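Shown below is the structure under consideration.
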Amino acid sequence: MKSKPIWLLALLAAAVALPLVFPNPTITTIAVLTVIFAAAATAWNIFAGYTGYIALGHAAFFGTGAYSLAIICQHWHVPADFTPFALLPLCGVIAAVVSLPLGLVALRTRGHTFIVITIAMFFVAQLLAYDLRGVTHGSAGLSLPIPLWSGDFYNMPFYYAGLLILLLALAVSWWIRNSKYGLGLLAIRDDEDRALGLGVKTGPSKLLAFVISAFFVGMLGALWAYYIESIFPPFAFDALFDVAIALMTFMGGIGTLVGPILGALLLEPAQQLFAVYFGQSGWYLVLYGALLLVVILLLPEGIVPTIRKRWAQWTAARARSSPNSPAPAPPLPPSPTSQHPAIAARGEGGER
Amino acid sequence: MDLILQAAIIGILTGGVYALMASGLTLTFGVMEIINIGQGALVILGAYLIYVLEQKLHLDLFVGLLITMPLMFGFGLLIEWAFVRPLKRDRIMLSILVTFGVALVIEGLLGLIFTTDLVRLQAWYTTASFQVAGFYLSYIYVFGFLLSVVLLAALYFLIYRTKFGASLRALMENRTAAQLIGIPVERVSAITFGIGVALTAAGGMAFGATNSFNPGSSYDLISRLLVIIVLGGMGSLGGALIASVLMLVIEDVTAVIWSPIWSTTVFFIVLVIVLLVRPQGLFGQVAGRKQ
Amino acid sequence: MSMLEIRNISKAYGGIQALSACTINVEQGKITGLIGPNGSGKTTLFNVITGYERPDAGAVNFNGTPITNAAPDRVFAHGIGRTFQLTRIFPRLTVLENMHVAAPRNGSMGIFRRWSSAHERSRAIELLEFVGIAHLQGMPAENLSYGQKKLLEFACILIADPQVILLDEPAGGVNPTMTNQLADRIRLLNQRGVTFLVVEHNMEFVMGLCDTVNVMHHGAKIAEGTPIEVRNDPAVLEAYLGD
Amino acid sequence: MSRPKGSQLWGALCALGTCTVILATLAACGTSGGSTTSSGPIKIGFTVSLTGDFSDDGKAVEQGYQLWADTINAHGGLLGRQVSLDILDDASNPDQVTTDYQKLITVDKVDLLFGPFSTLLTKPASVVAHRYGYALPEGSGGGPSVFTAGLNNVFDVSLPVASNLVSFAQYILALPAAQRPQTAAYATEDDPFTQPQVDLAKQMLEQGGVKTAYYNVYPAETTDFAPIAQAVIHSGAQVTIFGTLLPDITAFIQAFKQQHYNPQGLIATAGPDQGTQFLNNIGGAQSAEGIFVPNGWYAELNAPGNADMVAAYVAKYGGTPDDISSDVAEAYSVGQVVQQAVTQNKSLDNAKLIQTLHSGTFTSVQGDVKFDSTGQNTAATAYLFQWQSGKLIPVFPASAATAQPEYPKPNWP
Amino acid sequence: MLLNLTNVVAGYGGSDVLQGVNLAVEDGSITCIVGPNGAGKSTVLRVVSGLLRPRTGEITYNGRSIAGMNPRQILSLGIVQVAQNHSVFPKMTVRENVRLGAFMLSDRALVNRRLEEVEEMFPVVKERANDKAGSLSGGQQRLVEFARCLMLDPQLILLDEPSMGLDPKTLRQVFERVKAMQQGGRTILLVEQNARAGLGISNHGVVMESGRVRLEGSHEDVLSNPEISQLYLGGTISAAPKTSIS
């Protein structure tokens, strides 16, 4: 495993080099949108994956970030250059601040109620974008400054800004997963009341994760707004954004570090390319829907956990077949390599 | 005052139609613990089926239900068998994703067959109205409401007065125990899903007769249906009815006394307040995990 | 002075009075038993003490400090640990991770700390060895057998060095041999100064372990005394033991 | 969930890398397709909304572009070359529009671009086109916000959105005092296409002394129109002005019929112009009698190429001239204007095209076209139409009118 | 023998919980399975009732093979399982609960007759007929479960830890009913952690360990076997006074 850092650097280099190797703006356009979604799914996973709370209202923070940047640019007459990138963290902070009261209210509930409250909050946010005309210009939308970069160069800054946010989100996700705080979040996912009884400050913990994910999603919303150059309420606050990041996270493997990214890397380009290649024939939705169904039915646990499981089975099988393998684990307790957690523990549902 | 009263009456009548669409959703959730995001697309499918019968066979809309409801029931069985039954874990979230996929496929296919032109179901009663107490009530709203009442009553009878209903309720409360006394769990689940989808066919007819629709019309519907069943309490039929009516009355009254722009916002605020006081919804069961 | 004083606790659900003016004292360094028929309010009392339920009336004091209505995490931080009747562990975390959840969080919310410092890790493994499941440390907890989960739940609490441990039916659903092991561990900890309050139906277990036994019926205490005294109390025989 | 390991980060990057490669390969496959040549057909790219929110209008736009291409190809093509259309689905989504126009420009290497449907999608498309120096002529994305971004490459060949209802306001104010309505009710969808029109009409009518009995904006996703209709009825307004698209106006008309509410005048920004689809939705021609709709085009309009287009439409898609949605004409006009500019330049060069479009005067099936500095058509006329005996007939201004306006509107059947 | 298990192997996912179980249940007996947690006791019941399909091995009931049948088929042969803790339908009335026990029967008259019989044996069913089952105490709920399982007039009743969570007094009442059911001519196979109590009412004891049957015999044999007693029955519970249970 000595080669690990080399691989790590090589892959990072590959991601960095992508737009240089494939400079075609169509590819980089898809790449920009994909990193945005990968980062959003990673951020969402920090909250939803670790705490087990399925939030379907993060589009509210995406939109808040987008509108923040647009309004700031308008009021401060921000030039159309790299300055808006420097403003992204500020937009993230605004989204985080907005998420604080929403989180306080929503996190008093659990389960389905939580899901629906977040959906409702998202709708209220969208409605406000329409209704607060003084600030948002309602349905007429807002424009952002348009940089006069050439077409070939245009996507680069957005791609690297997105990649940077993605790496940052990934690093935060990794760090949280390995921190005591993150362990508390996982405990909340498994049994919240018990976690509370073991001294985990569940309320603040959940809220912090919620705010962290909102911060990243807000930054991404602002980046997206600058990229698209014009924002309208139905696009900045898009219900399908919520479904998309949840779908990506689940497809990749919820609660895992890389799952959300993997899901985004598969889904976002697939969606864009399907629309490009099959849109005209009308089969785009049918194919996209069918792809979803197939993946979910074949890999219900998500890609990463399934691969991990297969890998473990494969190594276990290899160990068993090799001649001088250690004796099988004693029958009781069940051997650590056994692969039946879900079915055995959930009992009834699984067997017949 | 008249205006508010009228808005409230319209709210109650349209609420009945929404209850029809939402009852299938809440029933499926109660029995199978899955959220059928595809319900909106199924409503539109139901509306298109009726549309075909009306256009090709000149069948009356309500008579058409006699054909589409069994058809949609069968379609429900198929969806359950193909996509829902294989889900073993994380059923709630995965069912959302799977039924979302089903909805996309349905929308795509409807687009291929019917194009994206807006259509509307036509019959003499979709435009006619009668006068009562000084204002006009349209027949279709009244008929839609009556249909909803009849079907919900039939559903109530099925669930609380029949052996099938008893097995269904048993399944809702304790799956293993139901299996141990010989209730065919999978069959009951499939039939329940089928009933939910069949109700959708009726809801689709009522929706199509009061709104223009095309294959993409499902998006606005499903969020409203979800909100209804949560407000009513997930799994509660009576809750779905009350919540639908409540939602439509609040929205309609707000629209006339203040502004249509704020009507949905006002309703969502009411929803959030209700849920903060009663997280399980108006008629839901407490789902606490505390010991 | 009692370490844990439960004074006149009342609690009603709808029309049902689960606890009515229940008073129980837990002496420091003792093992106190709590028995009573099903539905007599034992688990509700535990929930009130540990902050999962709010009492309608009454007070709970711990070392002289009122902890009535304190949230469960505060109660735990005070040094009161508890197990559940139907064992509750974190099924998707490994056994070792389960142990670390309860490890003390000093000050900050731990976001800047790795969950397994070397010291904490060795402490956790030591405790797992103490209850005899150290060999399972890397396994997802949901794969454990019922009894092993009980032991894990028990070990989980110990990592925070609580002063009092509340056990809710520790022997329920566990085979007698394991029950005895558990009794040994409880005694050992008690000798090291840990106080226990134990709810249990297994009379052998209670009689063999407890210094004093409280008997509850219909939400109130009907008897208190040594195991022998309680066993021969006619009220207890009538309400609980039968005959 | 396994224990956290440093290797997860490694795995993350591994996945990232692998998928980057997959993604790149996928997209690279697409790049092999296009090339710019000076012979062979001229490629013109655009997107339409075949799925999603705008899908009901997408088809008409596509038909308009297609008809224009057919016509020009039948007449020997543009600059002597055939025209081929490169059509992508934008799924009514700005992300997809951005990707699509990038692909049209950089992968398919189209020679010219046309605009998509709706203001909301035209804006992101115009930004992408601008980046590459392409002109973006369009006919169905004329909301004011498109023209405030300071781009010089977007041209709307149709009537500026806000002016649509001007002709109606003028007509009402020109009525003899005895006939002129005292009160008006306005309801408009919250949409950049409809609301500016209604607001301008309201301003004009108020200045002319028509009192506003009711004014409200409703959210775009409204499905339940009955209470708004009730409120309009309750206001007792003599004329009703709606900022709607097809589904909403259908619902309002249904409600009015049911409530036996007969305003003297009823106009809707869009919907009644949808020909047969409109009639089918409201239940027949009788119900449509007397309903006004503003438009920049009508089937009988005496404008260059209009008769040809109408004939071509009927030949290709069937139906009657009245079935033709004005979206078709708007799209067709885009082709015509571009055709004139390109022919004048004798070149497909987009920079020249932009220059020419800004300076010249053109004609289209919708009438004259002359762009101001922001790209809006200053020469367009707003016509007022009315459904009479199952036909949509121009009734105002008098110069274009083929019949007298019916006012007040007859009662519902 | 009414029920015979021969070399039954079964488990969940990748691991085998039962690793070759051989077991015989005599007609009209009460057979009690004891053993450590995780030995596979409950799994034996699940295999017999059809909730879990055995991987290999043979299960015969009245001489007929039932391995691989689904729960409904097995139920119709007269084998009923009462699940571990709380398996009443709490929001349904006691009568509805009991009636549902006869879900498989379509003869109304027969169902009514059975209901009367069951009400006679379990008075609580009649007394609380219209109360929600969830409002009953733990012991009463257990009795309702028994009553429910008798509606099919089963020959073999599988009980999974009937004593769990019950106080001593209730426990005794419940075990009395178990005994009474046997005296009514039924065969009972039960799994018990409370080994002494369980074996106390049984004719036959089975000790399981690690997915295999370690020992079987009359309950006296099992109780008096010193090694077994030491290993699984807690031996002499250190200095604890023996109570009068059982």
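Labels A, B, C, D and E are assigned to the chains in the order they are written; within every chain, residues are numbered from 1.
Quick note on the criterion: a contact is a pair of C-beta atoms (placed from the backbone, for glycine too) under 8 Å apart; a residue touches a chain by one contact, two chains touch by 3 or more.
Since we're looking at a predicted model, the values are computed, not measured.
**Q** Would you mind checking which chain's C-alpha centre is most distant from the centre of chain E?
**A** The chain farthest from chain E, judged by C-alpha centres, is D.
**Q** Farthest chain from chain C, going by mean C-alpha coordinates, please.
**A** D
**Q** Taking each chain's centre as the mean position of its Cα atoms, how many Å separate chain B from chain E?
**A** Roughly 43 Å separates the two chain centres.
**Q** From the C-alpha centre of chain A to that of chain B, how far is it in Å?
**A** 31
**Q** Return the distance between the CA-based centres of chain C and chain E, expressed in whole Å.
**A** Inter-chain centre distance comes to 30 Å.
**Q** From the C-alpha centre of chain B to that of chain C, how far is it in Å?
**A** 47
**Q** Which positions in chain D touch two or more other chains at once?
**A** 1, 50-51, 53, 190, 219
**Q** At least two partner chains per residue is the criterion; list those residues in chain B.
**A** 107-108, 111, 176, 179, 219, 261, 264, 290-291
**Q** Two-or-more-chain contact residues of chain E, please, as numbers and ranges.
**A** In chain E, 36, 38, 51, 71 touch at least two other chains.
**Q** Which stretch or stretches of chain C touch chain A in the complex?
**A** 50-52, 71-73, 75-77, 82, 84, 88-93, 97, 100-105, 109-115, 135-136, 138-140, 142-145, 148, 156-157, 160
**Q** For chain A, which residues are in contact with chain B within the complex?
**A** Per the touch definition, chain A meets chain B at residues 54, 105, 108-113, 116-117, 119-121, 123-124, 127-128, 130-131, 191-193, 239, 243, 246-247, 250, 254, 282-290, 292-293, 296-297, 300-301, 342-343, 346-350, 352.
**Q** In their complex, what parts of chain E are in touch with chain C?
**A** Residues 34-38, 137-139, 161, 164-172, 193-196, 231-235, 237-245.
**Q** Which positions of chain C touch chain E when the two form their complex?
**A** Answer in residue numbers: 35-39, 85, 145-148, 169, 172-180, 183-184, 201-205, 207-209, 227-228, 231, 239-243.
**Q** Hey, which residues of chain D end up touching chain B in the complex?
**A** 50-53, 55-56, 58-59, 190, 216-219, 221-224, 226-228, 230-231, 234, 246-247, 250-251, 254-255, 257-260, 277, 280-281, 283, 287
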